[in-house]
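We call the chains A, B, C, D and E, going by the order they appear; numbering starts again at 1 in every chain.
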Amino acid sequence: MQALYAQLLVGLINGSFYALLSLGLAVIFGMLNIINFAHGALYMMGAFVAYFLLNLGGINYWWALLLAPIIVGIFGMILERTMLQWLTGLDHLYGLLLTFGIALIVQGVFQNYFGSSGLPYAIPDQLRGGMNLGFMFLPVYRGWVVVFSLAVCLATWFLIEKTQLGAYLRAATENPTLVRAFGINVPRMITLTYGLGVGLAALAGVLSAPINQVRPLMGADLIIVVFAVVVIGGMGSIMGSIITGFALGVIEGLTKYFYPEASNTVVFVLMVLVLLVKPTGLTGRAA
Amino acid sequence: MTTLTDDTLPATPRAMRDEMIVFVVMALLLASVPFTGVYPFFVMQALCFALLACAFNLLVGYGGLLSFGHAMFLGTAGYCSAHALKVWALPPELGILVGVAAAFVLSIVTGYISIRRQGIYFSMITLALSQLLYFIYLQAPFTHGEDGIQGIPQGRMFGVLDLSKPTVLYYVVLVGFLAGFLLIVRIINSPFGEVLKSIRENEQRAISLGYRTDQYKFLAFVLSGTLAGFAGALKVFVAQNASLTDVHWTMSGEVVLMTLVGGLGTIFGPVVGAFVIIAMQQYLAGFGQWVTVIQGAIFVVCVLTFRRGVIGEIAHYFRRSL
Amino acid sequence: QDKTIKIGVLTDNSGLYADLGGPGSTLAAQMAIEDAGLTAKGWKIDLISADHQNKPDIGTAIARQWIDVEKVDVFMDVLNSGVALAVNNVVKEKNSILIDTGAATSDLTNAQCSPNTIHWVYDTYMLANSTGQALVKAGGDTWYFLTADYAFGHALERDTTAVVLKSGGKVIGTVKHPLNTADFSSFLLQAQASKAKIVGMANAGGDTTNTIKQAAEFGIVSGGQKLAGLLLFITDVHALGLKVAQGLNFTETFYWDLNDGTRAFSKRFSERMKNKAMPSMVQAGVYSGLLHYFKALEAMGGNPHDGAKVVAKMKEMPTDDQLFGKGTIRADGRKLHPAYLFEVKKPEESKGPWDYYKLIGTTAADQAFRPLSESVCPLVKK
Amino acid sequence: MADEFILETEGLTKEFAGFFAVRDVALKVRRGSIHALIGPNGAGKTTCFNLLTKFLKPSAGKILYKGQDITAMAPADVARMGLVRSFQISAVFPHLTALENVRVALQRQHGSSFDFWRSKTVLNRFNDRARELLNDVGLSEFANTPAVEMPYGRKRALEIATTLALDPEMMLLDEPMAGMGHEDIDKIAALIKRISAKYTILMVEHNLSVVANLSDIITVLTRGQVLAQGHYSELTKDERVKEAYLGAGHA
Amino acid sequence: MPDTAIAEAPARAATGGNILQVRNLEAWYGESHILHGINFDVNAGEVVTLLGRNGAGKTTTLKSIMGIIGKRTGSVRFNNQEIIRATSDRIARMGVAFCPEERGIFSSLDVRENLMLPPVVRAGGLPLDQIFELFPNLKERLSSQGTKLSGGEQQMLAIARILRTGASFLMLDEPTEGLAPVIIQQIGHTIARLKKEGFTILLVEQNFRFASTVADRYYVVEHGKIIDGFSNSELAANMDKLHTYLGV
């Protein structure tokens, strides 16, 4: 029984990464209609930027948490301005391909310069060590990850769903020309939003740097699962992907305990089931 | 769905004549490969992928259904054929049949599950199904996991054609490809194909005309899946192995790329696309670590500048449908 | 007599394994050509390399083309078991040569052995054997396995379990995790709860490094358990950093700091590497394997372009080089040399960059690999 | 009696999350008549159409078509029984030519729509009939024009031709004249008049002169319920109808 | 607050005189040349109606003014400022509002969000309670998904949402299409009232009967050109010509 609690908690921790990553993806998909295949690569960049900040600039983890998303976000905005922008109004597929190409380039460049096995990034001193919870040993850093990502998720949700911004964005996805004709500078808004989504990916990257290796392919391995989360949550639904992210972490944790062989598969089984029962995902709007 | 294909092109009788001319030219070019010194294995491999891409294109380019799991048919047929040839020691023609049958059954099952889903959800459910299958194949004993099924005997087709001779194998693969290709062209230009196109254009309207659209989409899915399986079965003879690569999602992605690079919804596009991508993989293999960067750059350039794909751009330029 | 040689380095240039093979393997081949001194004696040696992207079908396609069009005589490196087995088949069919220094699968010299293939550096049987035996002897008699859930992981676990049991140890549990798992905390918690003295990692690549990193976080090692890597390379340790990797036990057959010979070569090698990395055992194997190949050709007085014949000659001659010392090649194609059990140093023990290992045990060449009596290879006469 | 009325509904109701778009509607459409359904915006006319053609599931009530209960049928099957609709927002196959648009419907009628092994040249046997239909709606010169490139009014006409190709027994037309210029309106009105000899027509339309000229009988819907039914001349005198629909200014 | 703004508006109109001046406007959809030199003026406080057959280019004219046609040349001056090259968001913020013929209701937004979507560009828009008074249906369906509205309700919503923004120059493309006679009358009243409050309106209409109740002046568009123009008082005299132009 104790072991079960431990698995639940661990699942929650993983869930917070899924939530954060799929949140960024959901923002970009739901608001901009871009299937951002480069998300994994940008997540990886977040981790690398944190690494550079520390090792080249002596800038610590806490600043990295702020700076890396901004730096990668700006990179994302440049991508949007120079490339993605030209795809508005076209089928999803083109955005997917373009971002896939971008992901290949980014990963390739990083691999070329930093090898594929990765670089070490240490847990910040303040968050080192762990607590014995009785039923498990909880590393402090993991606790921090859960709390922090939950806060970021909720803040993003508020920004998009509870302010006018969300409505502008959704409308702009449907008919950018008309929204622009209402007096909103749609291109700028889209660029900023893409930056926001990308920044969220980078933030997840910084958070994961001390836990996982900082490797060029760290995001490529994750991206498909994160896509699944977004789909299960209902594409483009912010709250849907947050909840699904956390829930999937927990379900995966339980699978790892009861039937570990299936823990990579469970997400896809879940996805098939959810889509069969609710064709637009758990909280999805009609397609 | 916003249009993926270049629909500004006319579909006139002239188009069908153009298609026949290009087809004959293509067949002659391919038939002369063994005499040109071009390396035949490369061409054979490309032919298998070309057939796969054509099958995929049938579904997306004409049925409007973007499958993101087409590798599952390729891989399943590959594994089943390989197993039949190696373990059951069946002759090549039966080995192919086993693979195609497996893909056929799989496409019925997956089609049944996925066909009612719309747009991006269809893509995602096919992706999920193929991922499920990937993990099953990763663990199933008969696939030999990471190592794959290796050293598959090529055997004698119909007891006479010695497939271990590259030239014989080449022509067998070529005939297989051309047959598959012609079937696809016929499907596209058939009464069924017309209905499929109209469903893609406006499904609600098709329903209101009394079409049970799910049935048409299902048939298209099964045809496409089975033909993709045929490609997978042929590929076994070329590569002489069946591995996880063929069921991984990146393979499904590659098929999409091939089709797009060549021109989605064009008849010859997927063939050209397959050749371009396979050539890229072959010739970039020497570029060391820059391979992925170059590949990525090519995709980016393609999407930004020649969105209609090679054939699509040509067809558009001459205002012909190819 | 024809005195031309063409060498093909077929490796992973862009993926997961690019650091331990990749461009470093090509460099090692280049150095072997330079050091062999054959060019001065009128030989003409060409070197090409390509990226198989870890895909067996790309691997076989390149292999075929290299043999048919480029006239490549010998394939080097070929890491990734799936690709290696596929290339092994092509090489046999076309009577070429494969000196595999990168793949782990012991099938290359067992069920799938071939008169055209030599497996140079290490294999799964040897890793399991050496690490398992040494750790049990050192008191690690209870084991818990974290096993990658596919053929490779299963084989590694099975072989290690056999060794552990034979040496008097006990396996008290195992958990199978899927390939490419990002998070191991669930599995580590189970390993921790088992209280086994040794946590054996029957996995590879990113799975292994992630396990190690997260084990440090969950205090596995500081809690008194020992981590045993069954397949790990110096490049992994470098990537992890000593803080995290310290205390790890695992087996390699080459380390740059073993003796003067290895140090001399490694220093030259590292100077020519872009990131100043020391050679991995795979890269070292490329160098050593090629030198032996050259020796055989020289003894034959020219290149007969007949794979089986050259390999037979190579098996006849004893091997000897700076990197792996004296050794032999068995009938099944297995190259024999000693295996070393290392422990990763604590950060304070390390005297400089790449100073990572303490040697804690050596298994003699004739003990390290699968005995011929257990072999099913048809080339072995019984 | 089932013969007299081709379509009947009993207690037809559609609720959207607490909002009754259609409530307890009993409609009887006489065979061979032109029956108009009018009412203020949001009265539930389109919803009624959607219910009748099964694009929506009724929350309650029963639909009888040719004496048969079709309440639980699928939309395509209803269409196959000869009950065919047009859409309020024009619905054509945009990248097919006008001829092909019509042919798709003919093809459904005459089978061979699953034949994937035959050449589509077999469809040419439908060309004559398709041209005839296009001619009927005045689209002869557009036969080879893709539908996207046709002006709006022509698209409506094309939609009607496509519907006619199915040789339905009953047609539901949702605002067939919306957005048309005057000449087109007259053309389509004449067309409807002509085809009504053969088919039963149920039609929604806001253009009063059209309604007045064409319809045999009119049902007025407000807030999902039937307010009145009768001939145009009767209804224009009805105060309730004036207030709810026609407006004060209407003479 | 709104009151003062409304009070100011006529003053602006009086001094400004000519509010929109279109000269030699040409426009293309991709390759196809649609407008071949449109010339007309709209004075402040007027209701001007563009008439013409289907496909004459009326909608294209409005879109070109709004800056949402890819390629356009010529001159469009709004309040004496050249806007032919301005982006549509800038034009909107100058006080031009556009209600498209296809309505452009957003399906991912509910009715309230649709209504509140266009940002207020200046004071003087209609307050919500007045809007609901005009279109009671909307008030009832506030939390319904935008495109779930009936055809006519969508039209109401499309008009309502630009009345809120305070733009003083409105371009309405066939606002009565698909509306019940009662509502059409109401819209007529609304337009009259807006005019009184100083709004300027450029209208495109097929429903000539409706147009004649609100318009001050007419222009007739054919094949991408203005071929005629007259004021309401000259209407009777021009009826014959109109017949040939429009087939009324």
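In this text, contacts are C-beta pairs under 8 Å (C-beta built on N, C-alpha and C of every residue); 3 or more make two chains touch, one makes a residue touch a chain.
The shown structure was predicted, so the numbers you read here are calculated from the model rather than taken from an experiment.
Chemist: Mind listing the chains that sit against chain D and also against chain E?
Modeler: Looking at chain E and chain D together, no chain touches each of them.
Chemist: Between A-B and A-E, which chain pair shares more contacting C-beta pairs?
Modeler: Output for the comparison: A-B.
Chemist: Which chain's centre, taken as the mean of its Cα atoms, is farthest from the centre of chain D?
Modeler: That would be chain C.
Chemist: Could you tell me the distance, in whole angstrom, between the mean C-alpha positions of chain B and chain E?
Modeler: 51
Chemist: Could you tell me the distance, in whole angstrom, between the mean C-alpha positions of chain C and chain E?
Modeler: Here chain C and chain E have centroids separated by 76 Å.
Chemist: Where the centres are mean C-alpha positions, what is the separation of chain A from chain E, in Å?
Modeler: Roughly 44 Å, centre to centre.
Chemist: Quick one: chain B and chain C, Cα centre-to-centre, how many Å?
Modeler: Distance between chain centres, rounded to whole Å: 37 Å.
Chemist: Give me the residues of chain D that touch two or more other chains.
Modeler: None at all.
Chemist: Return the residues of chain E touching two or more other chains; collapse runs of consecutive numbers into ranges.
Modeler: none
Chemist: Listing for chain C: what residues touch at least two other chains?
Modeler: Those would be 14, 18, 149, 178-179.
Chemist: Touching pairs of chains, all of them, please.
Modeler: All touching pairs, sorted by chain label, are A-B, A-C, A-E, B-C, B-D, D-E.
Chemist: Which stretch or stretches of chain E touch chain D in the complex?
Modeler: Per the touch definition, chain E meets chain D at residues 53-55, 101, 137, 141, 144, 148-153, 155-156, 174, 177-186, 206, 208, 246-248.
Chemist: Spell out the residues on chain B that touch chain C in their complex, using ranges where they run on.
Modeler: Of all residues in chain B, those touching chain C are 39, 41-42, 45, 135, 138-139, 144-148, 150-151, 235, 239-241, 243-246, 281-282, 284-289, 291-292.
Chemist: Chain B touches which residues of chain D in the complex?
Modeler: 53, 55, 74-77, 79-80, 84-85, 87, 91-96, 100-101, 103-105, 107-108, 112-120, 122-123, 146, 162-163, 166
Chemist: Using the touch rule from the top, collect the residues of chain C that touch chain B in their complex.
Modeler: Residues 13-14, 18, 22-23, 26, 48-53, 55-58, 60-62, 64-65, 68-69, 81-82, 85-86, 88-90, 105, 107, 112, 149-152, 154, 178-179 of chain C touch chain B in their complex.
Chemist: State the interface residues of chain D toward chain E in the complex, per the touch definition above.
Modeler: For chain D paired with chain E, touching residues are 16, 19, 38-47, 88-89, 151-153, 175, 178-184, 186, 206, 208, 244-250.
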